[in-house]
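Shared chain: subunit A. Partners: subunit B in the first complex, subunit C in the second.
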Partner chain A sequence: MDDLEQQLRRAFQPEEPPADLTERILERTRSRRVAPRWMAAAASVLIAVSAGYGYRWHQGQTAKRELLMAFRITSTKLNHIQMQVVR
Partner chain B sequence: MKIHSLVLIAATCALAAPPQQFKLNLDSIASKASNAVDLSLTGPTLKFAAKFLDASDPDEAGIKKLIDGLDGIYVKHFEFKRKNMWTQADLEPIRNQLRGPDWQRIVGVSSEDGETGEIYLRVQDGKNTGVAILEAEEDEVTVINIVGTINLDQLAELGGHFDIPKLKMPKDKTGK
Partner chain C sequence: MIALVTAQPALDFAQLLRQHQTMVFSLALRFLRDRGLAEEVTQEVFLSLHRNLAHIQSPAHAAAWLRKVAAQRVIDEGRRRQRRPLVAIDKIAEPAATARASGMERDLLLNEALRRLVASLPETPRMVMILRYQEDLDPMEIAEVLEMPVATVKSHLQRSLSLLREKLARRGVGEA
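Let's look at the complex of A and B:
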């Protein structure tokens, strides 16, 4: 039991951090920031381009749908008038 | 400075000018309609939409060719739940505009059950620069304005699309 107590005391004994700990942490953070910055920028550009392309595609599909509908109505009505002429 | 102002005013007027060749003023019947289609396809919209047409589809390829000389297509189509919810008088404001010197009525039919169909051509300097179609049934009214250089053969070609039999139109005065 004493032995266990001693082991626990040793384990929980406060220890002074190394003197260069702060500098090492800051250095790691700095070196890690370089990659995320350009990656974030690239991702932003990619998202913006994709969104722009997607929006343009959606607009194009809407315009095409409206164009086809306009032609369908026109064709139907011209045909209807023709049938009236023939009658 | 004055020139700049004039250019600005001219540009504003050009933007404010209606792209249609006549006013499709059908507000009197629009409120009574149970179903309405209002399409305003200007020249840039037509060109933009053409980029998305499938060249391998015969219908879409045909349309792509057709819209080449067009500056706009404007369609107003109304459907009514009951018959006689509109009168021919509702179409008079449009007919009055089409009685102008630039317009020629090439087809005009009416049936006993009140159905009417009219096709007008806009002719300027011997060239067809537009088409107006008025078609009315007991429970439907449609007004169409196709703006741009379109001859009767092209117009007839419209009938060849969407599984609708091809229309054979009479020759117009310009021989087109």
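Let's look at the complex of A and C:
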């Protein structure tokens, strides 16, 4: 290695960053961690609301099916009575 | 089960940060010659490490990863912001006092002149020089960091050193 290379090594000695840089970076990583928690809470609320609406929709469908069944039974019975009356 | 037994303990981000922040910051500072920008790039590089920590297998892997990402990020930043001085290397004046000064003062002036000369090189040879003389990497290691052939790295080093010698000799500064 010649003199120029030695001088370059001296000129390019690593330089310390500002003292507060470590804390600033750690703070930014901490604030990044808050986001997933917030998002998880929002996702939970969304799921709960969706589940509520889904359950109500399912109940509505069941009631609709039961009502149609009741109409069919009533209709069958009325037909049966009508036939007996005609006879 | 085997995976559980052989699983590596999670790397300590804070420890990696304290251990390597000087390297990342110095790389950015020497390349960009702007402290604020160097701090900004250092923060971004470490936030990227934090996001990718699950993929880092060991402290040695972390060091290599940081050097590679920092070098690439700094080159990109330099190109994006066009901080590179637009004057040719020959147009950069040496400090007038360099030839007259002596001892420690001369050394400091020469160091600053060398940093300015290296900063005037195009992005790739500039990063090659910084990795060589700041990080003390050999040409093969530099080739890995910058993903280029070793011969290209050697060629950049030789050409840059010749250019610096020529410039210093012309200004009568001579070698240290």
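Just so it is clear, the second predicted complex is superposed on the first by the 59 of 87 C-alpha atoms of A that agree within 3 Å, B and C clash if a C-alpha of one lies under 4 Å from a C-alpha of the other, contacts with A are read in each partner's own complex, and residues count from 1 in each chain.
Just so we're on the same page, a residue touches a chain if its C-beta (ideal position, glycine included) is under 8 Å from a C-beta of that chain, and two chains touch if they have at least 3 such contacts.
Model, not experiment: these values are computed from the prediction.
When both complexes are overlaid on chain A, the residue A:24 reaches subunit C alone and has no touch with subunit B.
Applying the stated contact rule after C-alpha superposition, one finds that A:71 touches subunit B and leaves subunit C untouched. When both complexes are overlaid on chain A, the residue A:9 reaches subunit C alone and has no touch with subunit B.
Looking at the shared chain after the overlay, A:46 reaches neither subunit B nor subunit C. Of the two partner chains placed by superposition, only subunit B is touched by A:85; subunit C is not. When both complexes are aligned on chain A by C-alpha atoms, no subunit A residue touches subunit B in the first and subunit C in the second. Those residues of subunit C lying in contact with subunit A across their complex are 13-14, 17-18, 21-23, 25-26, 29-30, 38-39, 42-43, 46-47, 50, 107, 110-112, 114-115, 118, 129-130, 132-134, 136, 161, 164-165, 168, 175-176. Across the interface of their complex, subunit A is touched by residues 37, 39, 41, 45-46, 48-53, 60, 63, 66-67, 73, 75, 77, 107, 109-111, 115, 117-119, 133, 135, 142, 144, 146, 155, 158-159, 161-162, 164-165, 167-168 of subunit B. Considering their complex, residues 59-61, 63-64, 66-82, 84-85, 87 of subunit A touch subunit B. Touching subunit C in their complex are the following residues of subunit A: 2-18, 21-22, 24-26, 28-29, 32.
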